[in-house]
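Below, subunit A partners subunit B and then partners subunit C, in two separate complexes.
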Partner chain A sequence: MLTQIAYALPFLAQGFALTLWVSLLVVVFSLIAGVIMGVGLVYGPVPLQWAVRIFSDTIRGIPILVLIFFVYYGLPAVGLHLPSFWAAVLALTLFKTAQVVEYLRGAVGSIPKGQSEAAKAIGLTFRQRLAYVIFPQAFRRFLPPWINGVTDAVKGSALVSLLGITDLMQAINQVIGRTYEAMPLYILGALIYFAVNYALSLASRRLERRFSFIRD
Partner chain B sequence: MGYALNFNLIWRHFDKLWGGLLLSLELAVISIAIGIVIGLVLAVWYVSAGRVVRTIIAAYVEFIRNVPLILLVYLVFYGLPTVVDIAYSAPTSFVATLSLYSGAYLVEVFRSGLEAVPRGQLDAGKAIGLTPWQRLLNVRLPTMLRITLPALSNTFISLFKDTSVASVISVPELTYGAQWINFNTFRIVEVYLVVTAMYLVTGYALLFALRLVERRFRAAR
Partner chain C sequence: MSTGSNDTPALLDIRDVSKAFGTVQVLRSVSLRVAKGEVVTVIGPSGSGKTTLLRCVNFLESYDSGSIRIDGKEVGFRETGTRQRRSERDLAAMRAETGMVFQSFNLFPHLTAAGNIMLGLTKVRGKSSAEARTIAEHWLGRVGLAHKANSLPAELSGGQQQRVGIARAVAMGPKILLLDEITSALDPELVGEVLEVVRSLAEDGMTMVMVTHEMAFARDASSRIVFMADGGVSAAGPPGEILAADTDNERLRTFLARFRASHF
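Now for the complex of A and B:
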């Protein structure tokens, strides 16, 4: 049993690398898209606010799995042919973007109104107010839940195995298909996911404590 | 583009989706019921236990929370029967998984709820001569449940969405129904539009109903 698993380790490592790669892409893309849309939600004109609100509530209202299938099977049907890897990244990014929008809204919303008014009173432009007053303070509120939310991207990435992408989850299933050692391999897989995600949630908790001097 | 929407085939097979939705709700309801029991027992135990028990409960919670649900579903359905002599149907196996899963989230919810019960209430209970058991049942738990109701309804709604993962072990819930129609009729965009709407309407209807319940039982502050 152990020799079989040891033999499979390089293959599992490749799968793990793909899991990390998918997660990283999703985290980066969703951070950019989410911050832009979040600013639109908080400061944008009303139609834009509505558009972002509908986007976020819709995405967060359906299972990620449905979103993944919708993007993966739906896009080719309307004539958009993405490789399955990018379809998976796109679907997970949509899901994660909606989360980032909410983190940003929460963080910016927690900054007292007086800050923004004071910044306006001393004549800062909108961009200056965001860059020098709002964002530096909101950042401390945004960072802990955001880091904790990265675990959702890592966990969600396991669903891309259903599209035939050889991530860690799929690699484990394939090794089980050859060796029939189901339990040891699932536990090994669980421990790998656990190690990554637990490290992230510990970091998040530590940062939260570090920033806890800010009062409500 | 040139994709003409045609919902006829969806309506012809709508029983698959409707039955799937009902099964999804059933899975979520049974799992949260068991999850609440797990969560309550472990949370009450946690706050009164020594270090060893606390570590074990915390390990269970952290393990479940940091591993993808799909892996837990595979582990319980394909993995567990290879080492323990048990046999169960896919829905039973999924309910077991989702119960353990929700239990882990609810331990955290209930634990923080227990800590949020004002100290004075417990002292008052002691002062009027309630036994520790009475203080737990009549003072601590009712107050804690009121405090945790919003978190409880959020957990329930996310469990309802998580039931979609049951499709990977061929439990015929809503997402499985969607895939069946997807593969058998190729009305891909239509079926996922309908299923998205079904998840959204059900999810928000549940949210609305649960918010009404919360308002009724809101903890007096």
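Now for the complex of A and C:
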């Protein structure tokens, strides 16, 4: 079994790197898009609130696999041909963005209205109120579900193998295709995914403790 | 037919301000002029519009008609006469000229007492953090909390939090200070320490408009008392006149009688 693993590792390493790369892109893009749209949902004019609400509810109501196929196989019909890698990143990002919107809404919504008013009263502009008063307080509530979402993104990225992208999952399948030894490879793959996500949850717990000075 | 008092420039000039929340008319053509250095107390039954009026002065609430001017400048709307809301930047700049202290303190829980005061000084007034720190410490000293500069709000008593709230407002050097029932959320034994701070600010000549249920304090500290009922100014005058038990204003008499009954 050790020899099989030793044989597989170089292949898996490349797949693993791609898994991390996809996850990182998805997490960063969805964080940026989700926070901007979330702010629009909470503070924006009504039409914008509606637009974000519809986007979020629609996306969250679609299975992620359907979303991936839709972007890769469906969008070419309207003239948008994306390489499989970017189609996968776009689909996963849309999915994550909708979740980040909800995390942000929940976190910002939990801050009492008096905080905004006090910040207005000393003359802070909208951006300053967000940056110095609202976000620092909302951060602690945003963090736990968001880190959870990051681990979901790492796990969910395994679906990109269905577009033929050689991520960790696809690399495992390819090695199995050559060795016909499924079990050791799947166990190894599970361990790698687990290690990444467990590290993330540990980091999350540490961060939460660091920001727990804000009492409710 | 302008009277003499209408010609003296008022620091705060509220004219015919009306406002409705849906179908409820909360302010009915309210006018109120406050001169520099005056301490005006607004009293009245709950739902009479006193807090709403105060919140209109720094445009935390908008109003439907009328005008509110501070030092001659319209607060929330552009001077074009079209009732176009000021830009976010302009509004922020206008609000920096008024200080507000809230019933529920509303200190920023993630910042220390000094940090609460420094935020506006650094971000709005553009002071360096060293300058802001000096100013914050000065005002914390004024409210008797020099030793609590590095405490978080959660580590302070209600009375201490509210004194930081006052320091945060006055440190910005506002032209006028708005106090919205600032002792209502406090345990009775903590009310005195907060009112003492307000009294000392009044002695320094700070212009203030306060909404309060502390009648004894209103009587001692105000230059004028305004009694509001049903969204309008029902009576206004010096404390002795307004708080007299034998006023001919029926509503005011009822309000005072009820008030006295509930406070022995």
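What we mean here is this: the second predicted complex is superposed on the first by the 206 of 216 C-alpha atoms of A that agree within 3 Å, B and C clash if a C-alpha of one lies under 4 Å from a C-alpha of the other, contacts with A are read in each partner's own complex, and residues count from 1 in each chain.
Here, contacts are C-beta pairs under 8 Å (C-beta built on N, C-alpha and C of every residue); 3 or more make two chains touch, one makes a residue touch a chain.
All values derive from a computational prediction rather than experimental measurement.
Because the two structures share subunit A, they can be overlaid on it, and in that overlay subunit B and subunit C fit beside each other without clashing. Using the contact criterion defined above for the overlaid structures, shared-chain residue A:187 touches subunit B, although it does not reach subunit C. When subunit A is checked against subunit B and against subunit C, the one touching more of its residues turns out to be B. In the superposition on chain A, contact of A:46 is made with neither subunit B nor subunit C.
After overlaying the two complexes on the shared chain, residue contacts for A:77 are found with subunit B alone; subunit C is out of touch.
In the superposition on chain A, A:121 contacts subunit C only, with no contact to subunit B. In the superposed pair of complexes, A:65 makes contact with subunit B only, with no contact to subunit C. Using the contact criterion defined above for the overlaid structures, shared-chain residue A:6 touches neither subunit B nor subunit C, since it reaches no partner. Put simply, the nearest alpha carbons of subunit B and subunit C end up 27 Å apart when the two models share chain A.
For subunit B in complex with subunit A, the touching residues are 1-3, 62-63, 65-72, 74-75, 78-80, 82-83, 161-165, 167-168, 175, 178-179, 182, 186, 188-189, 192, 195-196, 199-200, 203-204. Residues of subunit A touching subunit C in their complex: 112, 114-115, 117-126, 128, 132-133, 136-137, 213-215.
Contact residues of subunit A toward subunit B in the complex are 58, 61-66, 69-70, 73-74, 77-79, 151, 154-159, 161-162, 169, 172-173, 176, 180, 182-183, 186-187, 189-190, 193-194, 197-198, 201. Against subunit A, the residues of subunit C that register as touching in their complex are 58, 60, 88-89, 92-93, 95-100, 102, 104, 106-110, 119-120, 123-124, 152, 154, 168-169, 172.
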